Amino acid sequence: MNNTDIVKHGLKKRYAKEKRFQWYGRLAVLTGFVFLTLLLLDIIIKAMPAFQSTQILLDIPLDRETLELSTDATINKDTLSAINYDGLIKKSLSQLYPQVSKRNDRKQLYKLVSSGAEFSLREYIMKNPELISSNSEIPVLSIWLKADDDIDTFYKLQTKISRVSDRQVEFIDSLIQQQRIRTSFNTTFFTASDSREPEQAGIKGALLGSFWTLLVTLLISLPVGIGAAVYLEEFAPQNKITDFIEININNLAAVPSIVFGLLGLSVFINFFGMPRSVPLVGGLVLSLMTLPTIIISSRAAIKSVPPSIKEAALGIGASHMQTVFHHVLPLAMPGILTGTIIGMAQALGETAPLLMIGMVAFIVDVPGGVVDSATVLPVQIYLWSDSPERAFTALTAATILVLLAFLAIMNTLAIFLRKHFERRW
Amino acid sequence: MKKLVLAAAITTSLMTLQSQAAGRDTINIVGSSTVYPFATVVAEKFGKKTNFNTPKIESTGSGGGMKLFCAGVGLDTPDITNASRAIKKSEYDTCQKNGVTDITEVQIGYDGIAIANSIKAQNFSLTRKDLFLALAKKVPNPDGSKTLLENPYKTWKQVNSSLPDMEIEVIGPPPTSGTRDAFAELAMEGGCKEFNWIKAMKKTDKKAYKTVCHTVREDGPYIEAGENDNLIVQKLEKNPNALGIFGFSFLEQNDDKVQGSLVEGKSPEFATISDGSYPISRPLFFYVKNAHISSIPGMKEYLQEFTDEEAMGDDGYLLDKGLIPLSATDRSALRQSIIKGKKFTM
Amino acid sequence: MNSSALLLLITGLSVIAFITARQRAYIHGASSKLKSLPKHYGVLTALWSGIPALVLILSWMIFQPAYLHQQIIQSLPESITIKGEDSLSLYINTIDLAIANGEASDDPVIQKAILSFNDAEKKSRIILTILVLLLSLSGIIFGLTKKLLNSHARVGVEKVVKGFLALCSAVAIFTTVGIVLSVLFEALRFFESIPFTDFMFGTSWSPQTAIRSDQVGSSGSFGAIPLFVGTMLISAIAMLIAVPIGLLSAIYLSEYASARFRSIAKPALELLAGIPTVVYGFFAALSVAPFIRNVGESIGLSVASESALAAGIVMGVMIIPFVSSLSDDVITAVPQSMRDGSLGLGATKSETIKQVIIPAALPGIVGGVLLAASRAIGETMIVVMAAGMAAKMTANPLDAVTTVTVQIVTLLTGDQEFDSPKTLAAFALGLMLFLTTLILNVIALHIVRKYREQYE
């Protein structure tokens, strides 16, 4: 047997091996995808109900007698806000079902409508005070108001849940017949802040909180991260201190995020006396957390710029600093930005360190700046997942979807940058 | 040119960072995650009804809340702390030391602790003694001698022949939780006391007595889960063999998935918990820093809102969220003490 | 003038400084030789005029509230100031709020305080504006002197920039020092009540100490070994999932897959790392754990309903992208010449990968795997939800275990008294975890350096 025979003999086996190896690879990628789809499907199915909300059409009588306004009273902010809107809603519900008289039945009837509905009604009337001033006939306002969360879940999912009583099911059936109940797109989810009533709760506050926090993170970690990467890659002398910095950075990349929370608590809040629960502190903590990621990827990007470019610049008399800032850095920018976006995405999804600095809180007012109390999206998810009300499950999943959408956008941006500015040498 | 743009960017960002040093006009509340769902409802209503800002409520746990609360009087300390247990002596001392001398204790109601399993399984009827024998680390020797041995029970039937022949598997809170603490004190100690010789130990060696009664077994049947009660409910749904220990409000919201076990013949319900016949329930509190009332706008009104009949009364909205109300006399006494700013001493 | 206007003013002055100094350098350069480009003189002058003024404004922004409050306190009658610092700060809050709302107060004391506040504020603003203007202008004037024109302006600018860069990289050291300091003291307090050796070498973790002082409870034991064993077990399971899947995916994507498929598949896999860990936690606890339990019971194994396996698998899925993305980058970076050489000798593609590319890329792959491992060690929420908190010394993946991070979170957010050993233990654990990862990293850096030299 000569050599060619030996090779030919083994060839079949080797090709089979090759095929098998390729299939291992395919299988691995596939496994990853299966997990991803499973997770996404799980979230999407749970989230769907949150984008719909159930509303009930009510006729609110707006004559002055019902409003308990004397005929000569002027309509202004004070008189309007003093009106008993809760009473108005109850009255109009009673008018729908005049036959309901037992106390317990009435209570169940009143519970059809969200306990926050009186505030929506108040807001509507305050915006349109002219509804009241017309005196010609008895004015009636037909308005769609949100249903209570249990009714909402029942109507949307069409399954029996124990918190909706048989009497309430009857009410709902008759509302359906009168076409007084409908589902519509849940805009509240995007326009409102946290609330303890699932049907009134939204993510606007958390979204803006995330925005301010990430803004601080970006403003700090991007310049500092690039600066550190440039220094370590280009200017740092080879000595123990540089080694120490390098080990430190690698180590910080591995430190559990909750430890950064402890750092933020003792340094920024206790030592510098910054307020709790503000995006400024959250952003500072998160930027310390994302810095290692940015530094490591920026260094890799700077390293990948071919030395020939640097040498050419140095050769025609540019200083080291000029070489770096005029040639190396612009060429490394796509890589740096990719790293930054990945770091930002990490910061966007982080909960644990914020636990320590008071951002796990119930905050209704939408933050208008970096020193207003705020919470962020992942914390909102964490808080809602721990709420007893059933309807929060859907809201939790929907918030996760929003968060994922932002992550996907950021990742796409990273890919776009990578693709359009990447150069091959 | 680029540098100009950069400079402009930095300037604008600095401008957004600039804060108006204008004092605080929002109430800051910290504390227990058990009281959080109730306090937030009140805060939200308060914010919508009045012109004051909605209070900020942090969920820090009772201990963390007390630490912040007792750190001193002043703007950067919280005005109110929620607690799922009464203040400890050592915490009270810290408060005194730091000048937080004038505080008022407000008991807002009770929280029942439910022991529940999936509705797909058989409903349990337990006694506190069953719970003690099933979950304690060391139990009295079944042969009747007055000695303790490592808990030998593996199934409920071994504990009490009237119980089903199922392995003991209880999902409950970790030792850092107030719920666990209350469970150990009310349920397990209650069962423990039924052994007369152990009860006698209370007088002779209190420490040993408490150790016997409060220590939960660690060999598997008691599973420490996180503080997320929703998760416990969902785990029970998936695992019909397990029992879970969690707050009453979660049982109430999920009574189509899980059923509360009877304890001493009573099922966990509003009526049985508030009249005390259901044995495992604990009081919930918050503590108010009276020195802040005059300086932080809205505090008085917030306290009024919380203690209003509309909130904590027999028909109040807090009941919808699962709070067990105080009796009517206790409520009016409470309102009096708030109006007077009754100083809490220990 | 308020501070944002002042900042604008400084920016404006710096721009003017830049333009005039550059202009002057041009003029000067026409007659004699300049040592740097005109724009460097401009930048240097701008820095001279801007930075001192900026520092002044920043320090003013920090110290001004304290100064103004001092002024208020001085205006208050002694009857109020004598009450002590804390109640004073509350009283000042009332005044602050009145000022912020622009209200006049009925209380003459407060009214007087408001007036003195306004007065002091006005004064301090005027002084600040004058000082800033002076500093800025003197910076410009200095920049226009002959002395500066004769110097190496570029070297000056570069020194400033280099200083800034060095400062940036020093942030890493500050952070480390900050972390150590922030956990060290509390950890030391913990070791006062629990001996260090008990903590380090104790094999029983059971913090069942009493929450209230009127309860006694058991003494509790704080041996950290079971926690570290649990952490290692779960991380090991996670790595067993993530390394093969991640590495094989990386190889497939970089060597076999078409460019188009790769451009879609890579970011899609990266999305796995972005899903909030709370979601994974729910997935592990409610889908994977019951599944494993059912499978285990059907073949007669006893499986804890909160098995380490469930948490480990899901955690493994989460860190797949760390392995795959980083390995992918490294494998792509292996020079094409090495592939061509191997293929040219007649090796099949898989042989090339196994015998040439992987060894060449190994240091980078090891780096990625280590990063993934440290993620696994530091991960919290999945384990909180799926693995429970039973601190057991076991290597059985079907048993329930707990990890260091889980304990840190539960200890810190619990209902117990904050100064009890129970809470302080969290800080000791944090310190231990920090030191552990530090040692791991020193070793990793050492290994990576040693191997890297062979292939470059």
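Worth a mention:
A, B and C are the chain letters, set down in written order, and residue numbers restart from 1 in every chain.
Going forward, a residue touches a chain if its C-beta (ideal position, glycine included) is under 8 Å from a C-beta of that chain, and two chains touch if they have at least 3 such contacts.
Predicted model only: the values in this text are computed from it and were never measured.
Centroid analysis (C-alpha atoms only) places B farthest from chain A. The pair with more inter-chain C-beta contacts, choosing from A-B and A-C, is A-C.
Rounded to a whole number, the gap between the C-alpha centres of chain B and chain C is 33 angstrom. A straight line joining the Cα centres of chain A and chain B is 29 Å long.
The distance from the centre of chain A to the centre of chain C, with each centre set as the mean of the Cα atoms, comes to 20 Å.
Within chain C, contacts with two or more other chains are made by residues 282, 412-413. Shared contact sites, meaning residues of chain B that touch two or more other chains, fall at 33, 59-60, 227-228. The residues of chain A that reach two or more other chains are 385, listed in rising order.
Taken in their complex, chain C has these residues touching chain B: 3-4, 7-8, 11, 14-15, 43, 61, 64-65, 68, 84-87, 89-97, 99-100, 206-218, 220, 282, 285-286, 290, 293, 304-306, 384-385, 388-392, 400, 402, 406, 410-420, 422-423. Within the complex formed with chain C, the chain A residues making contact are 7, 14-15, 17-18, 21-22, 24-29, 31-33, 35-36, 38-39, 42-43, 223-228, 230-232, 235-236, 244-260, 262-263, 265-267, 288, 291-292, 295, 300, 304, 319, 321, 342, 345-346, 349, 351-352, 355-356, 378, 381-382, 385, 400, 403-404, 407-408, 411-412, 414-415, 419.
Listing the residues of chain A that touch chain B in their complex gives 115-116, 119, 160-163, 195-197, 215, 219, 273, 275-277, 280, 358, 360-365, 369-371, 373, 383, 385-390, 393.
The touching residues of chain B, counted against chain A in their complex, run 13, 16-17, 19, 26, 28, 30, 33, 36-37, 39-41, 43-44, 47-48, 53-54, 56-60, 76, 227-230, 247, 249-250, 252-256, 317, 320-322. On the chain C side of its complex with chain A, the touching residues are 154, 158, 161-162, 164-173, 175-176, 178-179, 181-183, 244-249, 251-253, 255-257, 263, 265, 267-280, 282-283, 287, 317, 320, 324, 329, 333, 346, 348-351, 353-354, 370-371, 374-375, 377-381, 405, 408-409, 412-413, 427, 430, 433-434, 437-438, 440-442, 444-445.
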